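Below, chain A partners chain B and then partners chain C, in two separate complexes.
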Partner chain A sequence: MSAAVNRAALLVLAAALLAVPQFLPLLNAGFWTNVVTEILIWSLLATSVNLLFGYVGLLSFGQALYFGFGMYGAALAVTHWNAGFWGGTLAGIVAATLMAVVAGVLAVRLTWHYFAIITVVFSLIFYFAAMSAKPITGGDDGLSFSAPPVFDAFGLKLTLADTVTQYYVVLGLTALCYGLLWLILRSPLGLRFEAVRENDRRARLIGINVYLCRLTAFILAGAVAGLAGALFAFFGRYASASYMFYHVSGEATVWAIVGGVGTLLGPLFGTALLIVFRELVSTVWENYLFAVGALTVLVVMFAPRGLAGLWSDGLAKLSGRSASQPDPQAGAAEAPR
Partner chain B sequence: MLIVEDLKADIGRVPVLRGVSLKVAPGETVALLGRNGVGKTSTLRAILGLLRRNGGKVSYNGQDLTRIAPYRLAKLGLGYVPQGRGIFPLLTVEENLFLGLEGPPPADIVEALYARFPRIAERRRQAAGTLSGGEQQMLAIARCLVMQPTTIMLDEPTEGIMPKLVAQIRAEIGAVAKSGIAVLLVEQNLRTALKLATNVYLMERGQVVHEATPEALKANPDIVHRYLGVSL
Partner chain C sequence: MTIDKPGTKNAKSRNTKSRNLTRRSFLETALAGGAAYVSLAHDMSAFAQAGGSIVIGHHCELTGGFSSWGYWHNKCALAAVKAINDQGGIAGRRVELVTEDTESNPATGTRKLRSLVQRNNAAFIVGSVHSGVMLASIPVATELKTVYFSSGEATEATGEKGTRYSFRTGTDTYGLAAAGAPWAFQNLGKTWTIISPDYAWGHSHYKEHKAIIEKLGGKVHDPIFVPLDAKDLVPYLTKIPQDTEVLFSVFFGALSVAFYTQAKSMGLEKTMKMYSVAGTIEAIAPADLKGAAEGVYIVENFPRMLKYKDDAFHRDYLKAIATDDVHGREAGSDKVNAKSHSWQSWENLFALKAAIEKSGWKTKKDDQGVIEALEGLEMANSLGHAQGSKLLRKEDHSGIIDCYISRVENDELHVKKTVSRTEMAQMMPVRFDLSKQPL
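This part shows the complex of A and B:
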């Protein structure tokens, strides 16, 4: 039953996301199309945190570094090499992935708080480097650029200046990214990630190269954060070193935890909840971050497995099973692995 | 052949192994016996490189294991069934079984394994954490066999298992040994150890203090009483 409900919910979510640019303007809320676009982009950064924390048990506070590399990769490729939208996006992903290879080779030798600290240290080093390399990065002022068209052939020109086109491009790339991650996480590599998260020593003793598993996850997470950064650069037509600061990583970590780590779509729900909350509360209260903090504390205390955990517990109760019993069949349908 | 020569290891500043030497030849079942805390589990952990060795040598089929990473040992044919089973409770039984393999499991291995462990086959789609203790132990042994080891090391395989399942696990270990796989068994249950072993090492304070066949040990109850604190 849970599997069928999960499939139905996934279809409803897909339909709702596809209908956003048509439906919201009818409610005179066209502005929210851009908010949903932003949610989709940021959810990728939260997903990169989740890939590390939820699947291989490494808590990173430095994913903003790869987000920043994604932003600058795209911005510099467009401004200096006249790369188009797709070339810029690819450049962002490649820049972030290469940075993740360099940092990951060193960082994944460590675990727990040592790992968290080294990820913050890397992030800070490159944040200050980007801030001081003003001729290249623009420092705190950032780099502004004009977004190239997404498609320009056969007399058809699609540009990001059109909110609806921008939304569907971001939705398409985000969905593609989630789809690829779903395939990876349910493959033997995904199982190995879980084995490493559950007990790295046991994993090692049955022949799993734990270091390589962690490094692979780290590089994948870097690539996902890079895609998020590239899309955000095109969304804002701007790249700034300030997005490499660790408070951006911290926010992504909170989104992932609130949504539910170890589930594929949890970070999307967490990001959506907290960004919508921010949009609603920040208009009436400038210190809205206090409320975000309180909400996060409440979720962590009363729903430690996040929104995705609440959802699967609710389904388990509905189908008459104990929520505490692990059910791999339901888990697979929920698409966490 | 697994050869351990004068193996030494510390935990922090405390020496736990003070020169352990033993041999496990192909087809042999070797039992490592001793009271609690004498270093039996530490010996296995040091052989596997999970405990930092600070002296001595471990070799397997002529290959020095000093610089071999623990994850490579399974591929060299050295299997390990840890104390407490070491299964992954949230993964299914089937996922646990084939996790260590690179690529899909060969059909003949899967078939033979399920024929040998019918309870495991029945529950292959179930989360491993929902199995009973005995079934989890079977799963741990089966998972080790999937890697087609030539030697397996079992750390207290009957610990915490229902008495009626102990005989089943003992029979399974016996069958593994009969199939030609060498077995290094750490066991508190003296009856189980003496039934299965072809050679026995007794340990005290991080050292092997006596080596004998099970028959010789049965004929010498004083030794058993002195080093194990029990009577036969």
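This part shows the complex of A and C:
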């Protein structure tokens, strides 16, 4: 039953996301289309944290580094090489992926707090390097640029200046990314990730190359964070080294935990909850981060498996199963785990 | 509120109605209600644009590194809106000010700018004093086709990164160099070193001052740029070359305090003249530095002491923002006015009032008229322009104003030289013509 409900919920979510640019302006709330765009982008960064923490058991506080490389890859490709939107996005992903290869080769040799510390250290090193390399990165001021058209042929020109176009481009790329991850996590590689997360010694005994598994997940997470960074650079028409700082990684970790780690769509829900909360509270109270912190504490205390956990517990109760019993046919919101 | 007892006529009637509620009638009612809401929302929006209040956004540093300045920008903007509304508003319409905090962060600033325009329907923006926020915001404001007044000093805002939509009534680094550098070169020394924070404002000051000093035949050493998060300036102060005659410092907030106190403890003022711009002493009282700023020369945009521009407009302005006329302190607190910059948040609203009324602006589609009215706008010395008469130059959208070179003596800023707007304009020929850009 819960698999069918999950599938129906997924369809409702997809329909709702598709309807956002049409529906919100009718309520005189067109600005919220941009907020949903931002949620989609940031959810990718939370997903990159989730891929490592939820599926391979590595808690990274350095994903902002790959986000920053994605931003600068896109911004520099557009400003210096006239790369266009798609070229810039690709440049962002490639830059972040290469950085993830370099950092990952060293970082995934470690686990637990040692791994967390080395990811922070990498993030700080490149944050300060980017701040110092002002002629290239713009340092504290960052780089602002005009976004190139997304499509310009046959007399049709689509630009990100149009909120609706921007939304659908981001939604398409985000959905593509989630779809690919869903395929990967259901594949034998995904099962290997889970085996490593659950017990790396046993995984090694049955012939799984644990180091290679962790490295693959690390590079994959870097590429996802890079896509998020490239999209955010186009969204803000701006790239800044400040996005490489570890507090950005911390925020992404909070979004993933609040949404539910080890679930594909959990980070999307966590990001949505906290960004909507921020948008509502920050207009009336400039110290809104206190409230965000309190909300996070409440979710962690009363729903330790996050929003996705709440959802699956509710479904389990409805179908008469114990919340701890796995549903063999669980759908996309909860599984793969 | 009334409560119907069970069994009464009203209650029975309601029960009958609820029994008659079908899925179809529920959907019809819900759709009708939704349609009515949407229609009402559209009507209210149209009213607000065409004949209701005029919404002006304030893009302000309420928190973060520039919060000590942002407090005053916010205070001045609120006071200006009150003064304008007390006088009957703009073209008979009430002004509504919506403020968003940029958090002194360029990325947050661009997000908040979109929020002001797209969420709060702000028609115009009086904007940021943080150069990084300002430069990141101008492309967004231009994309949103919204007039954006900035009060940061990086010259790019009305130069290579300026657009038809970006304006600034105050000075930029180009203007401050034009106003102060020739006098300082003649009176303080010919060999200069600049020390500043490593971001747009400091870089821009270095570039503009270097150009003028070298043109006058002086020498400018390599700049010393300090990271924004530095606490200890001694490693940077020790890099200042021995032959420096003029040390030109550009800092703000906590870095200013660190600079003055650490430079004093090293005795730098004994071997070189200390010269600066008002930003370095904004929101800081020399008395609070315990003599560390004594003898420093500072280019002010608006004299801190009333007696150096003593007129009724200046007095009334100080009264409106509750600031004393010697030290610039707020009545009832220790806060010191960021006076050389915050006046722009007051005056920009009056400049907009003049342009809106001159052009007959009614809605966003009339923005071209406002932009054309702002280009070349002459502002007379008045309560609305208490800093003094000024010109918003047509070509580069820059404010041409009187400036004041002051010296800290006995913890007070005493004006030594007034640089008239005519002298300033002569020293800063037009370099960019933004007025030819299409809208």
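Everything that follows uses one rule, which is that the second predicted complex is superposed on the first by the 329 of 337 C-alpha atoms of A that agree within 3 Å, B and C clash if a C-alpha of one lies under 4 Å from a C-alpha of the other, contacts with A are read in each partner's own complex, and residues count from 1 in each chain.
The rule is short, and it goes like this: contacts are C-beta pairs under 8 Å (C-beta built on N, C-alpha and C of every residue); 3 or more make two chains touch, one makes a residue touch a chain.
Please read all numbers here as calculations on a predicted model, not as lab measurements.
Trainee: Fit or clash for chain B plus chain C once both are placed on chain A?
Mentor: fit
Trainee: Pick one for A:202: touches chain B only (first), chain C only (second), both, or neither.
Mentor: A:202: touches chain B, not chain C.
Trainee: Which of the two, chain B or chain C, is in touch with more residues of chain A?
Mentor: With both complexes superposed on chain A, more residues of chain A are touched by C.
Trainee: Tell me which partner A:192 touches in the superposition: chain B (first), chain C (second), both or neither.
Mentor: A:192 sits against chain B, while chain C stays out of touch.
Trainee: Put chain A at the vertex: what angle do the Cα centres of chain B and chain C make there, to the nearest 10 degrees?
Mentor: Roughly 150 degrees separate the directions to chain B and chain C.
Trainee: Taking the superposition on A as described, I'd like to know which of chain B and chain C A:145 touches: first, second, both or neither.
Mentor: second
Trainee: Of the two partner chains, chain B (first) and chain C (second), which one does A:210 touch, if any: first, second, both, or neither?
Mentor: It touches chain B, and chain C stays clear.
Trainee: State whether A:70 touches chain B only (first), chain C only (second), both chains, or neither.
Mentor: neither
Trainee: Name the contact category of A:26: first (chain B only), second (chain C only), both, or neither.
Mentor: second
Trainee: What is the contact status of A:267 with respect to chain B (first) and chain C (second): first, second, both, or neither?
Mentor: A:267 contacts neither chain B nor chain C.
Trainee: For the combined overlay, can you note the least CA distance between chain B and chain C, rounded to whole Å?
Mentor: Once the two complexes are overlaid, chain B and chain C approach no closer than 42 Å between C-alpha atoms.
Trainee: Residue by residue on chain A, keep only those touching chain B in one complex and chain C in the other, then list them.
Mentor: none
Trainee: Okay, in this complex, where on chain A does chain B touch?
Mentor: Residue positions touching the partner: 188, 191-192, 194-195, 198-199, 201-210, 325-329, 331.
Trainee: Along chain B, where are the residues that touch chain A in the complex?
Mentor: Listed in rising order, the residues are 48, 50, 69-75, 80, 82, 86-92, 95, 98-101, 103, 125-127, 129-130, 143-144, 147.
Trainee: Once bound in the complex, which stretches of chain C touch chain A?
Mentor: 37-38, 41-42, 45, 62-63, 100-101, 105-107, 110-111, 114-115, 118-119, 131-132, 135-136, 138-140, 143, 161, 198-200, 203, 227-228
Trainee: Contact residues on chain A for chain C in the complex?
Mentor: 26-28, 30-32, 34, 38, 131, 134, 139-142, 144-146, 161, 163, 236-238, 240, 242-243, 279, 282-283, 286-287
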